[in-house]
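I've put the structures underneath this note.
Next come two complexes built around subunit A: one with subunit B, the other with subunit C.
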Partner chain A sequence: MTALASPKPSRFRRKMNSIWTYLSKPQNTILLALGIILTVTTIFPMVTIVRDTVRLHPGSVDTNANAADAQVEVMGETYTTYNWTNLFTDNITTRVGRERVTRSVASIYLWTPLLNSIFISIFACFGAILYGGVFAYLVTRTNLKLKKYLSSIFIFPYIMPQWTLAVMWQNLFNSNVVTGGNDGLLTSVFGVHMPLWWCQGIFPVSIVLALHYAPFAYILIGGIFRNMDANLEEAATILNTPRWKTFLRVTLPLVKPAILSTILLVFSSAMGSYPIPHYLKLNTLSTQYVGMSSNRAGQASILAVIMMLFGFLILIVNQRTTSGRKNFTTVTGKSGQTSVVNLRSGKYIVAVIFFITTLATGILPIILFAIETFLPNPGDYSFLTNGIAGHMTTKWWMTAENVTENGMYGQKGILFNSEIWNAFGGTLIVAVLCALCAGTIGTLIGYCVSKNRRSKWAAYVNNMAFLPYLMPSLAVGVAFFVFGSNVGIYNTFLLLVLAGTVKYIPFASRSALNSMMQLSGEIEEAAIIQDIPWWKRMTRIIIPIQKTSIISGYLLPFMTCLRELTLFMLLCGQGKIITTMLGYFDEMGLYAFSSGINLILIVVILLFNTLVNKLTGASLDAGIGGGK
Partner chain B sequence: MARIELRDVTKRWGSYYAVEHLDLTIEDNAFVTLLGPSGCGKTTTLRMIAGLETPTEGRITIDGVPMFDSEMGINVPPNKRRVGFLFQNYALWPNMTVFQNIAFGLSNINESGAAVNDAGEVVRDETGKAPARKLTKEEIKRAVDRVSAIVKIGQFMDRYPSELSGGQQQRVAIARTLAPGPRVLFMDEPLSNLDAKLRLEMRSELQRLHLSTGSTFVYVTHDQMEAMTLATRICLIDNGVLQQYDEPLTVYNKPNNLFVADFVGNPAVNFIEASGTQDGNGALNLSILEDHKASFLPNGGLKIADWYAQDDKAQAEIKAKRDERAKQPGYVEKTNKDTVFNYNIARVVDNEEKRPAPTRQDFVLGVRPEFIKIDDSGAIEGEVFSAMPTGMETTVKIRVGNFLLTAVVFGGVVYKIGQKVRLSFSGDNIMLFSRENGRMIGNGTIQL
Partner chain C sequence: MKKLFVLMLALILALTSCSFAFAESTEDVIAQAQTMTLEELFKKAIEESNGKDFYAVGNSSRGKSALPLFVEELQKIDPSYTLNWDWQQPKENKIFDQLTEDVNGANHVMSMTLIQDGNQIQSKMLDTGILLNFVPKDWTEAEGVAKENNENPLALQTLNKVFEYNNLTDKTYTNMWDFVAEGEAPLFMGVNSELVGKNFLYMMTNEKYATWAKDAYEAWAGKNEEYDALIEDMKLDAEDLGITGENANYGLAWVYLWCEKYNEQTDDGPICNTLVTKSAAGQAGLLVYSKLRSVEETAESSVNNVTVAAYQDGYTGIGGYAYKHYLMLTKTSPLPWTSCALIAFMTTTKDGFKAWGKDMGGYAPVPACMQDHSKDGYVDGVDTYPAKNDRGYDWWLNEGHLVVEDPAYCASVSGTMSDWIDGIVSSK
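Presenting the complex of A and B:
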């Protein structure tokens, strides 16, 4: 035994040996690299946004005469405290009718939108959980009819762009008398005028947000209902517990973690939503940010910082609740048939009710968008009242040359409009690249974290990857906007892909982590023992076994990217991608174009979803359902 | 083919010691079982030898080559240790057929002079001079054929693991492990997922396999029967500490302490508390079972006082060693403390009252069930409490006062519950333990 006799190596040598051993495991190397990259891409934009609140912005209020004394020079750069002091301490005088009213800057630019934001977020949570939760229960635990059809239609609002339902609300209820602009369907066909509170503001925004996020609640809560061990409830039944008591004391506590994570996710998403309050004319933090980003740029950044603080708060609450003792394992693997509640004749009635509501939220928008593109003028539903099909037109689609008459404003029809198709191509590029980056990084994170369950560094990387998920989209967008302008990559695909990747890694890392956790470590160890190299273990064993969840990890970022507006709208010019293009047509009043784009987007997304589902068995709901 | 040595191997998570200063030598061609209750550190030990787990400190060598050495900073990754590992739930790759499962590891061999000989065995050039090469398709086929013939799974080659029964999956896993010709075979409770009948069958096949491959086998189990029947040596671990490392029958007849005596043997050993002193003739005059007198004669004329003196000396040495460790930097105190084994005295009514700390006149007798003799000449009177005949033997629990003793009688004897019987203790393999520290003093005979 020669090795025994050899002298003890130096401390440095031993240290190097152990570092080498650590890094020779691929999961450690990847984790180290990803940890550093994610820290930079997540933390750095956040720091720049905080710095932006004390920077001078040319052409903004912080450069006016009053603000001159608040400036300080640090290392050749000019900083100012004006944005903070002005926002929180100064008053502003405005003219309301004939009177002059003095209000504090904060109440106009901060407190009102903040309160609105919080209110719609809370209402969206309740609405989504009530609607989605009840639906989840009905689909998984009762003998409801039409289950399969209903559950696939129910998630449509989440797959479709956020503003779909908001635009539909407008198209249905707006009227020239109440809201100004074009008459909606209800007014033009039946002459009904809905009141203003119904058409705009907190009420419709909350309803639309709740409808949009209800599928989320359905997927998360339904996932638990579906996997719940029926024995748990049967045990209570055997003990002669009344049904309602079983539900309150056994079932509900088990789904509580899912309800909590729904609340957190919906809250942060609703908070950062821009398009819905924009279309339905409510002043929230995100619309306020956009409204004041040019002449009060520094103060707008303060709003973004506040939104980020909400994100951190949610992250902390999320940590507390998911790591607690009350995070039950409901999947025991031994559960056989789940007992089904018999609704008797209710199974038909409830099915019909949901058939109608899902029709309204899932199918109707598509039909309405389609009709809009054939109307001669926005809101001109005359073909319905006089029954003449000739009152419809194909000009929005088919016009092949530049014409200024017909209300086309010199645009070619959708089918021939190269700007639209360029923007669509841009969206596809961004979506594909984002999906590739986010999917790959997320899968790697899921894999590496599952291999290093005890490691603190792994937990850190996991949290770092998860953080942007809980950040309101607009705050992330702002952070990357400020970051991108500073670095000089504003309005490039690079910036869009970067922001999209960082924001969507959690989709992939969640679903990968969950599925990797269920994969016994022995499966890979059996290959390690036989000296099979890492890439071969991944490509031949791990990926084939986990292909469904890995594909969902790519699919989710792709789908979300296709319809993303809030995150991207600050990062590029309007012609770059399709969703910002859509905003441009809306501003121009070319509603037929925006409806047409919406229609194309929705159809493309649904097609992709069905295609991938048929080909691989992976689906959106399975991916989201894997959320912690 | 391979001799494994562990020196001072420790694995801890924080202050929880899974394995504590383990010294173990596994001889070439041995069949060693690591035995112990669940959570005792036996699987951790196995995984450390295989390289799947990294020890906190210590040294592991295979064939004299260091695989792990905390002082030298050596840690050979598991894939370079050339070992085979059979997992508890087989870990077959569900996306590959049986053939692919077995061939996958072979297709990956790229070593100096690797080849498959006519018998289907993988051979390598041990001098390391021959150029590295990959195995050809024919060679792989030949090697797969050989191992699948050993475990008789030839007809399943195109099936997927999910299409096989538990026993068949087990065989595939064994074939996959054997195919690349490992020098050691590690098995982590390989039979625990099989039904009782199949388990018995596979046990005998594993024994034949050990014989025919000539490899070193290291086998983890919590089933003492499996350990007894298969092993050439049993390594019994509790709370991360090695309790005994001996041949099965030695472990059975001369257990180091109460824990080992209790863990090995089914039905379990009878513990009888006794107290008394040794007289000039070397016999211990003991009072047992409340009101019975007995005389224990140690084999080889052992003096109790001598034994205690020796034991004290040995313990002092161990304590000195431990104190020295405690002084070293980076020492972490063990939170999962070692305690004297809390043996169970079977009683009809449990009346566990607080008792004074045991003195050196307090002992525990260990009587295996087969040493309790039931016949009319027995000195102790009892009453049948329960009787379980299997046909081959009958396990009888006998009530003596408040105490219960378990006896095994061979042949189909029928006892009636409540029937009066007389019993005595036979043979010179009755065990005597110190109640103070739980360690075994020696074997001997009892006269009543």
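Presenting the complex of A and C:
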């Protein structure tokens, strides 16, 4: 019998077979699909915003008579280079100190805001790391008293909408003599006048941003401290190395990745912050963007492009400084040992210091919010200064009609105000959908990337998923605004959920990736040998094992969405979600409403956090840090 | 079969072209609607929109209060009438982008708008044909209607922002130049956060108002050589900016000093809340007049701590400025008849204007729509808070010397003046 040689399959056939083999693994198919989706949802809005810089905007400078020469026809569409040339090369005549001067357009609209943005981002990083890092060390590596209480309160500024601390800063330190307007609490009660640099500008903006993002540093750095192998420090101690040297040469290098992660994340977040500079009167790229959008719409988009470039720059820095897993959190070591430094009597003193600082940043705002909702006029503390207890009111909560003028600017009380509750409902819808989408996609990315550690495509998808987080929120918001307007979904939940999902996937993907990396492949392989389908392996093995991290990946987008303003403020009307409504009330000076809403938000976030913590063991500070 | 298919295709094509031929453009509807009475428009609206979705977008949230009353009116004619409405209020000047994308995009949702900022309306909405003006017949024929500056585009109301100051010190402000004198820092919304404020500054270079500025300067006690030199020097700026009026340099000088000195605030609400307090003694501001209505009297705050500058005997110069809320249809309005009916309802009836008319400081062109606020400061028949007694539209225009926004003028100078102002503000 002669065996017939089977014909060699064609090259096409072989290629198809290899593709089929590749795609037969669920993680590859998912990775391919997510790669395409993320490329579209991340890159397309960015392309749209770049295109907006060369589009014509009727009623804007690029359609003025002197801009006509800059117009070019491309495939039947008219574009212009005017926005770029005018911003970077043109001059205008104006007045400075009564003198007629010629200034470059960029010096008015770009350089100062750009420098301010960079400064506040650097200072915010420094402040957040110093405050959050020291606190993380004290909580995880010392015998500090009141750890549990302090740890819970420390994350409050991150839970609260970021500008609430800015409004509180104003209410505390402003004074008629220095800032103009009426006196803040400190001046009213104690007659203290803080200097202008303390009340407005770079200093308070940096401090408020640092306080807001310090919990970030605490979560990231604390995660490392908690899991750090104490043997290394003990070895140094045995070698009689001074404690400070051990800290500088052993401890600090171990937390370096977490410090770097904090810098990368806080820098971009601070750069994109709009409300804090807005309230504390600092001209940054974000505030300048909003200010320019009427007369220089195309140039405003250039500012957004510059903010995006910072995002790319941060991504490159991250690529250069991390290796292997390209991991931001770098949970090192598996040793269960941790050495606790005995602070002796210092454990009480330091606890008192942090008790006071967390009281000021976490509890005091809540108390002030509560008081504000009972004041007769916004900021009118006459019950304190005049001792008249009768000058408090429940009208901001209890007024059921808006026909009679009750000094409420035509609004009903919070409990009866359907607009507030509708906006709150809108926020819950957005937060739940964003959490579900971002959490699910992020978990899948984490799983698939961990299964394809050496794949370039996996690395690409991982980076693409993380890129929006490194982009300032306002830049992402602008990109989705232009995109949403072009496709007719402005002011819809769809647009909000899309933007929120893309922005918050990193919360889930980082959390999932960190945990999946720690999962041995053998666990799943055993199930594969048993021919267990993929979905069953996921639901019965992978997810149950890593449920804490995965739930954190859902929880963080949910919490962040609840109090997000900068990302969403350009994407919807003011009554759509609660933060745009809150921002509206704050701008209008109706602090009783904004304070009441803040209180409700904080209570809701804490309730959810506690509920999820009780049910699953996951909690807010177990997210990006990769778990406690 | 083939023939049948071709026949059906031809039929579909014919029907499609007929439907296109018979579809009324918004312009056609407006032309017809302008000859109809309010009741006729109501009937057309019922025919067009019963049970449908109606979307509008506005700078004022009070459209939400007017729409239910409008539906109630239509239900008086047809009790089965329903309308699913959505009144949106975009943030951060995005109303213009939203309307532009809605009209230029493939999916047209917005039927009408209530919009402010004459400059952008002119250059972005009217010059581009995105918004169309509709003037109701009942409005044109209304008794005593103030047509000047209110007809094209059609104004729902004129709002005033007026100079006020805290009167708990001896300091008084009896001339518009007092607000920009050395050491002053009047409270004002940022010119790029509320653009009607920038329009006011543009309007100050208009010859009519620049002449008021000149007259006030001549009568000002603080007049000196330094200011004289500045005013003279401003002729160069006027030339650069292409402003040709004889007294434009007076207007520009005042604008320059204002931009150099004003203390930026997020909104008129906080300005009002500040000015009425004891701790703001000697402070001044330029703010929406109606904000005074919402002050609750306490030991710390009182309306009586504030003086409306123009209400003082002997006050010289402008008392503030007026801007308008305009009502218009989008070019691609899905429900143009309903939009016309709603606009007519809001501009010609007391109920339609009720949401705005209930407060002082807002003036409808049709007197019949207005409510009297001349005694809002009276308590139990006693004039307790004189600052709240609104002297009315005519008084403010003629005696109070309001600077009134003119969209066409603003659009003509904004191209150059906007940068000039930004340059001053950014170097403070």
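The criterion applied here is as follows: the second predicted complex is superposed on the first by the 585 of 628 C-alpha atoms of A that agree within 3 Å, B and C clash if a C-alpha of one lies under 4 Å from a C-alpha of the other, contacts with A are read in each partner's own complex, and residues count from 1 in each chain.
Convention: a contact is a pair of C-beta atoms (placed from the backbone, for glycine too) under 8 Å apart; a residue touches a chain by one contact, two chains touch by 3 or more.
Just so it is clear, the structure is predicted and the values come from calculations on it, not from any experiment.
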> Now for A:454: first (subunit B), second (subunit C), both, or neither, which partner does it touch?
Replying inline: first
>> With both complexes overlaid on chain A, does A:540 touch subunit B (first), subunit C (second), both or neither?
In response: first
>> Just to be sure I read the superposition right, which of the two partners does A:92 touch: subunit B = first, subunit C = second, or both, or neither?
In response: second
> Is the number of subunit A residues in contact higher for subunit B or for subunit C?
Replying inline: C
> Just subunit B (first), just subunit C (second), both, or neither: which does A:9 touch?
Replying inline: first
> Taking the superposition as given, does A:381 touch the first partner, subunit B, the second, subunit C, both, or neither?
Replying inline: second
> Which holds for A:526: it touches subunit B only (first), subunit C only (second), both, or neither?
Replying inline: first
>> Just to be sure I read the superposition right, which of the two partners does A:24 touch: subunit B = first, subunit C = second, or both, or neither?
In response: first
> Thinking of the overlay built on chain A, is A:588 touched by subunit B (first), by subunit C (second), by both, or by neither?
Replying inline: second
>> Looking at the complex, which residues from subunit C come into contact with subunit A?
In response: 57, 61-62, 88-94, 96-98, 100-102, 105-107, 109, 117, 120, 122-124, 127-128, 185, 187, 190, 192-193, 195, 230, 233, 236-237, 240, 256, 263-267, 269-274, 276-277, 279-281, 283, 291, 293-296, 298-301, 358-359, 411, 414-415, 418-420, 422-424, 426-427
> Which of the residues in subunit A come into contact with subunit C in the complex?
Replying inline: 58-59, 61, 64, 92-98, 100, 103, 105, 108-109, 112, 175-176, 179-183, 187-188, 278-279, 281, 283, 290-295, 297, 376-382, 385-386, 388, 391, 393, 403, 405-410, 481, 485-488, 490-491, 569-570, 572-575, 580, 583-584, 586-590
> Where on subunit B does subunit A make contact in their complex?
Replying inline: 13, 50, 52, 54, 61, 64-66, 69, 71-75, 77-80, 82-85, 87-89, 91-96, 104-105, 108-109, 176, 180
>> Applying the document's contact rule, which stretches of subunit A touch subunit B when the two form their complex?
In response: 1, 3, 6, 8-9, 13-18, 21, 24-25, 454, 520, 522-523, 525-533, 536, 540-541, 544-545
